[in-house]
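Each of the two complexes below includes subunit A, the first together with subunit B, the second together with subunit C.
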Partner chain A sequence: MSERVAVIGAGQTHHKAKRDDVSIAGLVREAALRALEDAGVGWKEIDAVVIGKAPDMFEGVMMPELYLAPALGAVGKPIFRVHTAGSVGGSTALVAAHLVSSGIHQRVLSVAFEKQSDSDAMWALSVPQPFSAPLLAGAGGYFAPHIRAYMRRSGAPRDIGMKVAVKDRLQALKNPYAHLHLPDISLQMVEESIMLWDPLHYLEACPSSDGAAAMVLGSDKAASEAQAATGRRPAWVHGMAMRSEPTMFAGRDQINPQAGRDCAKDVYAQAGVSDPRSEFDCAEVYVPFSWYEPMWLENLGFCAEGDGWKLTEEGATALDGGDIPWNCSGGVLSSNPIGASGMLRFLEVALQVRGEAGEHQVDGARLALGQAYGGGSQFFAMWVLGSERP
Partner chain B sequence: MPRQGHRPVAVVSFAQADNVRRELRRNEVETLMPVFAEVFSNIGITKDDVGFICSGSTDYLAGGPFSFVSALDAIGVWPPRTESHVEMDGAWALYEAWVRLQEGDIDAALVYGFGKSSMSDLSKVLALQLDPYVLAPLWPDPVSVAALQARSLLDAGKATERDFAEVAARSRKAALSNPKAQVAYDRNVAELMGEDYVVSPLRTHTLPPITDGAAAIVLAAGDKAFEWAERPAWITGIDHRVETHSLGARDLTASASTTKAAEVAGVNDGTVEVAELHAPFAPQELIVAAALGLGDDVLVNPSGGALAANPIMSAGLIRIGEAASRIMDGSAGRVVAHATSGPALQQNLVAVLEGV
Partner chain C sequence: MTSGDQRGPSDERGPVTTLATPIRLDYVFSAGIAQSRNLRGLAEGKFVGQRCGVCHKVYVPSRGSCPVDGVATDDVVELANTGTVTTYCVVNVPFAGQSIEIPYICAMVLLDGADISFMGLIQEIPTDEVRMGLRVEAVWVDPEDLGPTMASVKYFRPTGDPDADYETYKDYT
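Right after this comes the complex of A and B.
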């Protein structure tokens, strides 16, 4: 039988280019301790730890959860390590949530992190592989052709990506944890930044960040205890799903992948959502390169195929005046500790439906979508959170 | 049948690749493809019959990021599937699938683990598993770490070098009847004791082979298990625990995490007939067997264990598959499987499997 699950505590680090004030253990503890404090519990109330991060080569530590076990209070408990590429932060939260929904544990600590300054992600993503065509261009070089295909297919004007870049950075100004705070951001500033991978300018790409995110997932009972102890509402899980598809084969639509559409359909059915644009109050969606906002608007069914860029253009996705604000936290474009970037999406929607998002709060947010993707747009993780107990 | 009100979930099929020192003809995808074909055809199903897929592997063996991604091509995840991956031995992938099957919305799962150790230098790769600030910079290799543990056993008076040799002699002899074994022989203890030390007190026979390999298991819940298998191996208890990382802060002669996991899994709630233990170095088998509280009458590692073949990231899953096979072939009624991860048995998983 499937039990109810709620986010009862959330915490994140201040994301920066270099967190050289802390070790990896110090970084993950910072987020974990904030999540525990938020949930009103200590280490001993945690039954199990689920930790996720992107490739181990990003720090040069193989299976770092072994070294991190004592720092995360896991000694004598189960610790579990998830790696599903860029979607891993979201998948990690889902694996933790299933440990509660399956009735096995009462409280599970989920943690995700990346300390990108310890290595060079661009290098780690570009190691030549035997039997495989070399990809020597990092993630941006991989995705730029997909973006050009989207522009051709949809007829979107060239400035849509730049508009997303400006919107998300303006929203990041309201998030004290965001890595990038660019008060002077403007279309002109984005356009004048160097062209990295046509059509992506430097300021249309995510930064490289050090950072961590953590959530305490709790059962029905744990949720009512946390609320009684802290006075803060839980964020209830109304739906959760994952989907994967192969990297490449003839006929695969890499612009609007079926795995993303299927995953959304699954999670909406669980949550009883039929019109995402009108029923969700906000969404946090993995947009590492600006153009992925219009692309995912379509993939997630917020509009018809080919219309995503119109929502961006008319300001529908802006916190200021939009009807369906996306990435009020500033999104991946403003903070990108890769392994944690997916969890930050999942965490930010928890803050929204709990009314705890501070300056970037959407007034009265009750239902929200968190999405993460990874690999060659082939791994998807999503959840729907609500303020109401399902 | 399961304890603690869990939904009954069973191992219904198991397959593994040939365990070899250096697989030069096949990459990981090509290694996995016949394993999947076998694990499905054993019970007459296809990939369309499983609702969840989970794998275990590590990027550090392949020396590149996302090594699990191309492995999906061995299945062909189209239309898209619900799928997940752990950077752990496949035994933990099985744990995630077991958890997922508890919720009742899906009835079957495919789990697998794979890795080609020959593509890298394990003595360097496994050193990178250690604390990156105070241990890894010293590059302690896995044989030296295991030797430290073996030396602790000797110093504590808990075992002798002869005990180590007996484990190795028994395991390699048992491996003679395992067609998948990489190292199998019938040599007496005195002969093994005459070998030189690799790292004192470990002689060659106490070390696992370096292995390329892969394995897969199909799990099924409730009626589905009986539909697919004549004698499903029901997982009646499963748990995993971790200890602190620092070698200096642990009692290396014991395995507290194994004992705890065994308690939760209910190892000693019945008679154990067979145990498949993931003890890559011979002295570790003594530690794990003691931590599980196994009596002298338990048949340990009839497959030869990790001393017969040690494919990193699937050796633990293979222990579960081998133990389950004893139930499925009718030769045992209640068995224990164990998997380990990390330096000197830092993390351990224990499962109890039973026939009806």
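Right after this comes the complex of A and C.
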């Protein structure tokens, strides 16, 4: 990383099952306008736009970035589309940050969205192929067998996933933007919900949401100007990394993927982090199915391999009383506009280190990790944000 | 500037919120040399894989190259009709285009002699009796219905043999 980069503005929609009051263009514009307003800039101050979403088959709109350019003030400016499946929101923020760290632009708008009510994600993720049996039933059908394998490998008690499902929904109650607000959530309620993909209950899975997220990434100079104009502190990028690996190869560890471990190692080295559990004040990690919390705790090195479930069980990852709160916003389990879900992880840690997370703020948060993953656990995007200028 | 409402005058009927527009797309799939071997094997009621000359891992179905070593996998290997369930889930969610009655078992099956598992349907056993390590065999469609497609395999069913030892398949889930 050469030039310093900071998040100088952040905006998101209220995530809901169905936003039938806006088109996709209206949805992304809503988040973008909030990010610009937060940064104290207008469209003319934006040099380029980077946009991400899940595959086009979801909403059935081919290359939506082309028709969204006017709604995002991108006419006559560079606009780029990023594709990395579920991690795309994170990768989109990183591509925007790279355009600033490389010294090419001063201010870049990153936007990510999904309008799941216009879409059929289950169908789009389950299309039959001539060389495999037509068994795949959405993302849950893909990940549930790997969750079972994790349970066997780690010897975790069966209720760990349900504990994550309850914890994240309780945290979502403190986030006005979260889609699911379930004040009565309990272990019993999760356990009594339908078993969709055994061993995963319905309430251990993410919802389908309409929503968008946007951030303005700025240079050192842009960060000073934004702070002077708005009085709000920037969130400084201390490290950023992406990794990928093939979906299938002999001996691939799908429970603890090499690409995720490598990505974490890289981003920690850039940020000077050697002990993530004690050095980070919080983390926002892509957990679309409950058991991915303990699995990613291990993959991200917050504990030894096999011990992730113990952190969850002892409450270490809870905003209320935990030493390393994960997904204070409610996470993907509470809001899942797929393309935006990764960016929301990245955005939420910006709010935390700026001290602007409201009711779900971790007191005095100074350093935080944002992570997104996608595809068959094959794309990883991470950044470390800090309140201090690096 | 605020994130305000910039829509035009409202119509008392409100906006048109949803318009369903079904689209059908037919694709031609060019299998290539490697997948053709596998698909022709299926048409003859057998599993055909390929071995990497560098790491000696056997891929089925093979895409023609080893994802680890980046070399062509020209060594053709015929595999057994039996294998092990390395992990699985019970699918109990309906979706558009679903062709199998729920609940069903979607398992990762590691064929004997292969180094990678693939998805297979498990039948002829109650869903709550399926387990990791279960030994299974492929049941094929009638000979006149065999074709160059995975649809030639109706499903896998238990062989009745003792379960495989966890150590033998734990790296192939």
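The rule we apply is simple: the second predicted complex is superposed on the first by the 382 of 390 C-alpha atoms of A that agree within 3 Å, B and C clash if a C-alpha of one lies under 4 Å from a C-alpha of the other, contacts with A are read in each partner's own complex, and residues count from 1 in each chain.
The criterion applied here is as follows: a contact is a pair of C-beta atoms (placed from the backbone, for glycine too) under 8 Å apart; a residue touches a chain by one contact, two chains touch by 3 or more.
Please read these numbers as outputs of a predicted model, since none were measured by experiment.
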- Please indicate which partner A:Ala144 is in contact with in the superposed arrangement: first for subunit B, second for subunit C, both, or neither. second
- Message: One more residue to check, A:Pro390. First (subunit B), second (subunit C), both or neither?
- Response: neither
- Query: What is the contact status of A:Ala85 with respect to subunit B (first) and subunit C (second): first, second, both, or neither?
  - Reply: first
- Go through the superposed model and pick first if A:Leu33 touches only subunit B, second if only subunit C, both, or neither. second
- Query: Between subunit B (first) and subunit C (second), which, if any, makes contact with A:Arg153: first, second, both or neither?
  - Reply: second
- Task: Figure out whether A:Pro246 sits in contact with subunit B (first) or subunit C (second), or with both, or with neither.
- Result: both
- Message: Under the stated touch criterion, which partner chain does A:Ile194 make contact with: subunit B (first), subunit C (second), both, or neither?
- Response: second
- Message: Quick check on the superposed pair: does A:His98 touch subunit B, subunit C, both, or neither? Answer first, second, both or neither.
- Response: first
- Which partner does A:Asp21 reach: the first (subunit B), the second (subunit C), both, or neither? second
- Task: Between subunit B and subunit C, point out the one touching more subunit A residues.
- Result: B
- Message: Let me check the overlay on chain A: which residues of subunit A are in contact with subunit B and also with subunit C?
- Response: 60, 127-128, 130-132, 246, 249
- Item | Footprint of subunit A on subunit B - complex, ascending | 5, 27, 53, 58-60, 62-66, 68-70, 72-73, 76-88, 92, 95-96, 99-100, 102-105, 119, 125-126, 128-133, 136, 239-246, 256-257, 260, 341-343, 346-347
- Query: Mind pulling up the subunit C residues that touch subunit A in the complex?
  - Reply: 1-3, 15, 17-18, 21, 23, 29, 31, 35, 38-39, 55, 57-59, 61, 66-68, 86-93, 95-100, 103-104, 106-108, 115-116, 118-121, 127, 132, 149-151, 153, 166, 170-173
- Spell out the part of subunit A that touches subunit B in their complex, as residue ranges. 1-2, 23-24, 54-70, 74-85, 91, 95, 98-99, 101-104, 124-125, 127-132, 241-247, 249, 257-259, 262-263, 375, 378-379
- Item | Contact set on subunit A toward subunit C in their complex | 11, 20-21, 30, 33-34, 36-37, 42, 60, 118, 120, 122-123, 126-128, 130-138, 140-141, 144-149, 152-153, 194-200, 246, 248-251, 253-255
